[in-house]
């Protein structure tokens, strides 16, 4: 078992390296304006930022899913383990061990929950028994899914679908997971659980994470390193612990002021907005 | 019978009115799945009523029952003191119930403005011929309603994206547009299904402000599903807790927060 | 030069019939140009325009070619014909619909610019019945005859005639429509199998023919009792059914095969010279001969017009006159190397339909040829004449046309 | 037994057989729809293309002979050899795989994630394209196709039924062959889509292209595979129909016979295609038999559609189609 | 730099919701109208009218109609050919029954009758959705064609079952039949097209249009926020069929003059109009024009280039035409799935930014 110290050691090795990329949608809408970040092996890297900052776009750029949304990476490079993955088929990336859990669940509606999970194992070649074992593992993580295994995913509740999406990604036995807003729409208990699982996987299996999250609070609690994105640019980065202490981050992303957490009732007066740009 | 005149005083001393909507012994099944099991609760005039519970508890289904999209196998819905006969969702909307959806249900092919304008359908009285001719009645009506809509757009601070097709908007803004669409209907009862999912604190604060303002300024009654306990505890006057289709708690945020059953089923740790 | 538009269809569902017809039509004019230097010294220019059997394209072709000084149109499509009848009349250009089109156009008194000699559908229907009468000792009473027809204007043409003749001769007529394209005819042929009609007459075009012949073979309907109209009597209609198609009969108003002197010239000046239209592999095919015949009739009409008006480079109205005064004699055909290729006939102001002589041929799969069973024989002019008069009168009334030729 | 009843039985039997032939075409649609949510209008033209290619290969025709001759003034038509049916079928299959690859490479790959109607349009464009290419390649005249399938009345059945009812039923041998082949095809395809990994991946792709990509399913591979299988089904359909009526343009119109079958059976169901085919086949033949004579016949074209339509009003996803998920 | 909206401010909501909010567009629109009404009628000849302009105008009407149904309301229909046939036969029956009434009225009534038939066949759309509906509309297509072919009353018992347009006029100017002057037929169709386009535009920018689009984008949500799906879908079917019926009437009476229903109004027609709508751009009135123009002109251009200029055999050109049209359709869809209209919009957007790349 790895302990925390080791984890930090291994951080030296960089798995994913995004270098100054620019993304344009529809040939006209410039969304990312030079984003660079690195994901070290065995680390949990958080990508934070408000709505429309470009988190999802960054993740999709990495996993090469932009194409089907009429977006393209026009500048910069993306390397995984030193190899450029910029032009490759998304499937190739999955085979290399990088899988993305997409924002908004994206379950296969007409497949049953179990079939959904099994598609996650599509690229695996280590035999049915191993897959079966992992299936049990996923059911262990999300008992609710086991109950609903035979229902069509389209009919499950929002939270259940989120679990399916997570579970499906786990089924591919990834080395790196790109997680896009895993906490969205989940009950608080489950958010904790999911992050618990993230932590487990990270510590026990050495899975690396790149995590796009709005829930800054939780994200910074679990992540090792964080990037803050705004309007398509990285405006701040640093070890999670440092970010947590940064007064600006505190105020604008964690909702804390010097007096501790504010009540949502108290923010009614029109406030100054902090923008780095 | 209900006592509609009964006044109710919340924890922080706000007075809210009598019962506007009451759900009585609602049971909803989908084949073998029981989404809602014999649940009763009420919503009072002018209050913010939260519905919470773990995933798959049946919260969204409950909203769907209220808005007439799901027809429960058992139970009754009382609205404004009378039992609601079975009716299609659009008739429910006409009674002054508007809502937003958990998985944003905006009309992706239309601009923000048009989306919000659809919220005012119930105020559109011209017939198709008048609209085809446009000049005169239809145009006047359009302009009048446009003014009301612009008010909502201003209120929610989305003026700058008025003409943008919603498909291009980021998630958080979409949520706001959806709220604008619901508000444009000037509803008596507003149902919000996880309005703050996928937002960061700053945006949640904004959204909270909007919800409170709506509640205050227009006196709109609000039923709200949310998973962020901070938000729920701060905003709501009363909370219903569901788990596996059953009601496991109902009361002020304070009561609910300390209910052991609720903590076990949902909150995990106590949230303060 | 003499401009002859060729509204052909080498694509689409009816290409199989359109290709050989157009090849023959083109090749004959090529022959005249190559061998004789045109007609009366003026070269012929054929403008081919693809319609795909589609009316709108037909209109486009018509409009784009009429300005070139087109002399006569031959669209080989009943739909396009109906389209063009009013237009050509207004524009003063003749329209020749040989063996198709609007039957009542045979009445020249009403249809000034439309010609459908030498035979029309009603001649066809009557010809088939006459042939059957001959087979049965002039008595068809009590016989059952089924008509399998393409459910379109074209296919419906013979119905009225057959019905009238049924009254006259006392046979039973069953109507079996087949919808375009006619790939599925199980129902129709099962019905035939059940009801066992004595004879089946077919008005088909396109794939419908092949399927019908095949189905007839499948239910073992006696092929000799199965007669198709001339548009259902080409090689490609029967070949897919193989040997089982032997015995199938078809009507014709032209000679079949390539046993005519004109073919020597065609080979010499056209095919072997590499000037043949299309792939050049259709010589002697049934529909090729029809195209050839149509071209021959057109060129003879041009000659007639040139003589009448004393002008070599005639225009459309002279062409019309030429067609109206056309006379086809055996001697003439002989001199063209096409003796017996078609019936003798003459056109007049009143009669634009010719004599309506109809022949019958029979398919022999083993040799792959059509054998002549019956020469060009007259049809029931009395019945047909009345029908033509009635239908053209209705048209004249509808369109405020006053009768000509008085 | 009354004569009408016996006739009706014969009609029903033939309807069943006709239904199988429709189902053969419908199967191709179902496959592609299942795998990509694409309503492949080009399926009919694919059948035509396959049949034309088969005949062309068997007869040793020079592809694009007409164009070559027109451009270079040459006179090449034939290689001068003929190829046995079985080998020709294999070669045609290879051509269909190449076609599948090309479709994927040049069309579908660029349309990932588009709305269904756009994809549908693309297949119509493809249909036009293929039709033109097929004609240019092999010429548009009618060709006779004979791969040695039996044809004509089945005498055994004729005799048996004659002994029972006093009226021998007509069943076409070709239809019997088609039925057997269709049964085998359906069995194999059901097993494939329901129980194999690739089958599951195929259905996943149909639901959500992006998500499928994100779990590492290669759309390229799945689609080439599915289009190849659909090409194979098209070839089978092309052989059956081509044997009946000769190979020519109208072959592509059999697609129209398959559509009501699809509707009735459900776009996504392989067994649905066959059951739908049977119902439509029997329905339209019976209607034409019983009601047709009263209304003037030729009812088959529309009756199938109206039958399917009425049916759909009660079951909007067809008999076996996946339930249309309606949630908010 | 040529195309700007800066400086073009709106001071009222009324101005803001007009058809061409940008001045430049508005002027261009007036110029087009002026040319269409003021210049073309004087220079038109038979070829241009009959081979190009009439089909373009009439198809544009049909495309607008279908676009309302498919592009705005999201109900894919393959029954357009059948509905055009209803328009044509209604017009024929009216023309022959009331010879003295103006053609203008006949055509409008034909549209009205088609609207009723359209509503009838639109009823199943309440239950049936997506491609199921598309295929279901084929029932209308085949049934209607069969009906017109079958029942002699529709074709006034003529021997062949064809219908022929007798000569009819509007204010004494002959509009139908072979003697109608090219300019008159052109103007007649142009007036209808202009009216239809304006009506369609008015409907689609107001409440009706929004309910249609709501149904298209997400029918369940639309119903929950208060759209009555029955009403929305049926009005879409009615309005769409009205336009399609007008197009059918004009197609028969003014353009072709004689019609054989199975051939002219067959399923190919349904596909053709759908093509126009999609190539042009779903949910765009301008797109309907662009699509109609494209698909009417393209084959003619290809033919002229292939046969007249390059001198290729007609059949090769015809086949190549299929290949090229097919390839172009696919290419356009890949390039811009939202049609020519969107291509135009993107071009404008770029022009607005020009000379800056973003």
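Labels for the chains are A, B, C, D and E, by order of writing; each one numbers its residues from 1.
Please note the rule applied: a residue touches a chain if its C-beta (ideal position, glycine included) is under 8 Å from a C-beta of that chain, and two chains touch if they have at least 3 such contacts.
Given the structure is predicted, the values throughout are model-derived calculations rather than measurements.
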Touching both chain A and chain D (chains): B, E
Separation of chain E from chain D in steps, with touching chains one step apart: 1
Gap in Å, rounded to a whole number, between the CA centres of chain E and chain B: 42
Centre-of-Cα separation between chain D and chain B, whole angstrom: 50
Interchain centroid distance [CA atoms averaged], chain C/chain E, Å: 37
Junction residues of chain D, two or more chains touched: 66, 135, 140, 296, 298, 301, 327-328
Of all residues in chain A, the ones touching two or more other chains: 155
Shared interface positions of chain E, touching two or more other chains: 146, 149, 220-221, 224, 313, 315, 319, 322
Pairs of chains in contact (touch as defined earlier), listed by label: A-B, A-D, A-E, B-D, B-E, C-D, C-E, D-E
Partner chain E, residues of chain D touching it in the complex: 39, 66-67, 70, 106-107, 110-111, 114-118, 120-122, 124-133, 135-136, 140, 256, 259-260, 262-263, 267, 295-296, 298-299, 301-302, 305-306, 308-309, 312-314, 316-318, 321, 324, 326-328
Partner chain D, residues of chain C touching it in the complex: 10-13, 15-16, 19, 151, 175-179, 181-184, 186-188, 190-191, 193-194, 206-207, 210-211, 214, 217-220, 236, 239-240, 242, 244, 274, 279, 281
Residue numbers on chain E that touch chain B, as the complex places them: 12-14, 17, 199, 202-203, 206-208, 210-211, 213-214, 216-218, 220-229, 235, 239, 283
Complex contacts: residues of chain E adjacent to chain D: 70, 76, 124, 127-132, 134-136, 138-139, 141-143, 145-146, 149-150, 220-221, 224, 267, 271, 274-275, 278-279, 282, 312-313, 315-316, 319-330, 333-334, 337
Complex interface listing, chain B residues touching chain E: 67-69, 88-90, 92-94, 98-99, 101, 105-110, 114, 117-119, 121-122, 124, 126, 128, 131-134, 138-139, 141-143, 146-147, 150, 181-182, 185
